[in-house]
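One structure is given below, encoded as structure tokens.
Letters A, B, C and D mark the chains in the order given here, with residues in each chain numbered from 1 onward.
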Amino acid sequence: MDEINAMGQPDHRGHFGGFGGRFVPEALMPACVELEEAFRDAWSDEEFVALYHRTLREFAGRPTPVTPLPRLSQRLGLRIFAKREDLAHTGSHKINNVIGQTLLTQRMGKTRVIAETGAGQHGVATATAAARLGLGCTVFMGEVDTKRQELNVFRMELLGATVVPVTSGSKTLKDAVNEAMREWVTCVADTHYCLGSVMGPHPFPWMVREFQRVIGAEAAWQLKELGVDVPDAVVACVGGGSNAAGVFAGFAETAAQLYGVEAAGGAAVTSGSPGVLHGMRSLILQDEFGQVEEAHSISAGLDYPGIGPEHAHLADTGRATYVAVGDDEVIGAMRLLSESEGIIPALETAHAVAWMVREAGGRLPTGSTVLLNLSGRGDKDVAQVRAMLMEES
Amino acid sequence: MKTLETTLRSLRESGRKALVPYVVAGATPDWTHHVEAAVLGGADAVEIGIPFSDPMMDGVVIQEAGLRALERGTTFESICQELESLETEIPLVAMTYYNIFLHYGLRRTAGRLHDVGVSGAIVPDLSLEESDEWRAASGDSDIATIFLVAPSTSRTRMRTVAGLSQGFLYASARMAVTGAASDQGEGERVVSELRRVSDIPTYVGIGVSTPAQAHTTAVFSDGVIVGSALVKIILQGASPTDVESFVRSFRTALD
Amino acid sequence: MDEINAMGQPDHRGHFGGFGGRFVPEALMPACVELEEAFRDAWSDEEFVALYHRTLREFAGRPTPVTPLPRLSQRLGLRIFAKREDLAHTGSHKINNVIGQTLLTQRMGKTRVIAETGAGQHGVATATAAARLGLGCTVFMGEVDTKRQELNVFRMELLGATVVPVTSGSKTLKDAVNEAMREWVTCVADTHYCLGSVMGPHPFPWMVREFQRVIGAEAAWQLKELGVDVPDAVVACVGGGSNAAGVFAGFAETAAQLYGVEAAGGAAVTSGSPGVLHGMRSLILQDEFGQVEEAHSISAGLDYPGIGPEHAHLADTGRATYVAVGDDEVIGAMRLLSESEGIIPALETAHAVAWMVREAGGRLPTGSTVLLNLSGRGDKDVAQVRAMLMEES
Amino acid sequence: MKTLETTLRSLRESGRKALVPYVVAGATPDWTHHVEAAVLGGADAVEIGIPFSDPMMDGVVIQEAGLRALERGTTFESICQELESLETEIPLVAMTYYNIFLHYGLRRTAGRLHDVGVSGAIVPDLSLEESDEWRAASGDSDIATIFLVAPSTSRTRMRTVAGLSQGFLYASARMAVTGAASDQGEGERVVSELRRVSDIPTYVGIGVSTPAQAHTTAVFSDGVIVGSALVKIILQGASPTDVESFVRSFRTALD
């Protein structure tokens, strides 16, 4: 296992081992190339990097703290620390990526961004960063989701964005991505497509991971300040995989075990197979004929039938381990973290917590030190969880 | 040179503008009759759309047709079986997304397509850069791989694309996904730039929706691809006869 | 005007000039005295202060940033900076106070806290801090409010707290305070009353201000880092007055003008008169017979008929100026900040924004430097605002 | 020594245990008749509750009575006017919250209360420490200020409170707001501690709700205050005769 530079650059075509690449219509190829060049250039420009970090600090509230979780630790027989992305502006790690991409948009001289969103987290984050910079913003959202998440639609509109309900296909996240791509074809000259996770065509998976790397980089020094040289395990939930990629990046070259927790109903690594979707070659959920399946999870942010190509590669090489957690374990985990530490996690994050609960004393040996990436806050989910619990009782 | 290209080059040499209508396989039970009707109406080749769950390059009409096909249980294999029973002299070109081929197996796909009388493949999400594997797998078959060129494609890149494209070059008239459009788009510029780097037959598609547009387009290109406009009438219940006369109206405009 | 030590300690009876004091039933006097002593002792104990600051840092995400607001500044012709309490854990400044008080509860050897809440912000914050420390927690909430704010009730329950609907009086915040006081009488031996603002009997107004002082203290050095020595004006919304007191405390001894913005329907300084309520002498809204009136504001957090006694005093001495903003100006201000800077403020905070909009070029001269205390995020309010806008249209 | 205290001291000297029922002014239209009925039933003094919007020291029953009174438009002044017409020999003691007095004006309050025959005031949210102003304002009037002592009050503090209380001392039997209770609470301890520091008449209240409780309580104290239990039957529609016999049942238990 090649641990050195385990999360370095992909090859020149954007491949991470057998995954990644750029599977897009010819019309978008120049934009992908332009973006890759612009990102390479920006990312090696100290001024841009400083601007990105200053914006994260002054606007988005970074660094987010690492919080020791003493009461949960005691219950589970572990030593748990949480990286608090729930405290970042707009309530999750999503803001790190959109700040990077909107600053890049500005640098490329484009005046507008488009984005896809499922539950609305990435859409709200994009609308936020766009408002901050005065960029136009259109967000594509499955029609089903616009109805399930009316408040996030309103939030985006308050932020000055236009939300377009997507009526094609299953009318959910996967179709919102398709629609955003279709739209991008028509306006690529002045518009950047601000993708929400480490997915899509090169350079997105790599670029988004770099914009999320700040999570792992911060956590590494913060843990040291708390007396932990290297944690035994790093645990993150995985939808597209951006929060996981961000935190893993800080520990890929250490001895830490890396665990990505998928939703059982959207487990591209656990239940998927190699394929091409949304511009990338990766692991995807598909039927016996190669048609992509809809994911089904209690948590909108994990409701995606694919996974970022770098994760497919990390799974392949064994550098990271991917596991799945069912809807039934999630609410209990959400309650456990809330009650024992005063932090209501997002349902996405609760998957990671649930897996820790399951594996405490198992794959997470008693006494081991665990870094949990607390990818987002649960405020967005309480209405849904409440309704579910009321139905049950 | 693969058969498709030989055929299409001699078509051009004959002075005839190529007409390539598009039919979504499985969208209706009688889709093969639609293909046959298109041939009767004067098509020079027919694009056979193989439906995919996530048709990133398609507008609403073709999306809808694909969805209907999938709901009817259409699969790559079921399409191939139906194609087997289809008798036609003109070339058939499969159009789909890469995952369908990948999933079926690349060599196996090329072989199967050839067996059922298909001689070319358009895979809009298979970029040049990612096409090695497919080209290797299909290289020794007689399946031609057709690449697209878009208004955003640079001249240098056009040269590469044109160099690799087999059968014909698909020149996208506009920055858009499939679907009707009322203007001419940038087809003329794209084709004239392509002419400088390649002599492969060059057909214009994306937005060609009326005989008049086809006529104007054929002035500067070797042919036109008519997709959404035809699929639309099929979705509205067009009979094979309707399809035939629809295609014939384009034929007349081109001749 | 005595600017030196303008926000120092109250006198030994807890008086700020003619306001403050301790107007509580004899049964509670010993608890108030005990609390005062415990707080004095803790606040001069370096270890306690360090624990408080460590908890704020590791758990609550402090320091919250000061964000320059370039686009809003340009629109208003001001130089505006926002102190981002919206990024603190649970979404507002309320957490600063409850972390202080729950740590003090633990230090006093008590095992339970009670609290009042209006919309639920202080209740959620208290439930959060209590969960973190493993303290029991009961929150009193007007029955009307429990219905208006079902989700916050559920949030508190997720955090392990018990929410008691208050059916007395107007069934809103004011009655929740009464009920919490009544409950406190019965359990004062093992229970601390965690009051949510700079109100109530001595030492609460002083203690809560000290626990909120961190806002102003941080903002002062953060502004210096941004090149602002002293802002021309500091603007904060005022319900009970805790966020305002916290930020004012950092600038009371400078030349900055201090502006407290009340809701017109709960404007204790602008429309109230001296009186005694909830254990303190202050300015309160009352009718001609001395009966306390209900406040009426679009914003639950400003829906309080009194104000902290120190503010009454600051108004009296002229050190701070209090102004009022009507419901009608608030939504526009919320939208303005959202659209121009990508920050959706709480409705409470939007009052402060609305006043800045009104006075830009007036009481806030063009070009002047303004520190806005962005007391909380608007996520809690979007459902309400959306419903209101839909009704209108 | 103010008149109230002189009266109550001689009552004690006569060997009689004091019975102090509580009536919320304005809760019903005929509240003054309830006061008169209480006197007929054997009260030695009556507490007149003046309603306040935020009765922090009161339980549900007295809250409800106060609310009804306020809804009926009761004000400090309207109560005073009704008291003017009330004829009684025994002392009346006003009970309310400080804001009512503050708002009316402290001197003015004392004067007005005296004018309408009230001789004492209980203000549960007026702590000893904050009472200077009121005591100064009422000092030269004949209104006695009655302070409360709670189970949580320290011995040192009891001395101070007892030293300042006029008329009588209100010993709270338990850590609770007004309202019925079934047990005896801590009244006995509180009173015995008070006895060591003061000889002022000491009455026990908060939770005294049955004649039996009153009887037991009177063994160690100088009298009892019966609040919520009486207010409750008034809220339920008790007639003056009902009130009279209710009060008499306590009288009998005490004698």
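Quick note on the criterion: a residue touches a chain if its C-beta (ideal position, glycine included) is under 8 Å from a C-beta of that chain, and two chains touch if they have at least 3 such contacts.
These figures come from a predicted structure and were not determined experimentally.
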Given subunit A and subunit B, the chains that contact each of them: none
Chain at maximum distance from subunit B, centres defined as averaged CA atoms: D
Centroid distance [mean C-alpha coordinates] between subunit C and subunit B, Å: 66
CA centroid of subunit B to CA centroid of subunit D, Å: 97
Rounded Å distance, subunit C centre to subunit D centre (Cα mean): 37
Junction residues of subunit B, two or more chains touched: none
Contact graph of the chains (line, ring, star, complete, other): line
Contacting chain pairs - touch in the sense defined above: A-B, A-C, C-D
Subunit A - residues contacting subunit B, complex: 13, 21-31, 168-169, 174-175, 178, 181-182, 185-189, 274-279, 281, 284, 286, 289-293
In the complex, subunit D residues that touch subunit C: 52-60, 63, 67, 70, 75-77, 97-100, 102-104, 124-130, 147-154, 157, 161, 172, 175-177
Subunit A contact footprint on subunit C (complex, rising order): 57-59, 61, 64-68, 71, 84, 86-89, 91, 127-132, 134, 150-151, 154-155, 158-160, 334-335, 338-344, 378-380, 382-383, 385-386
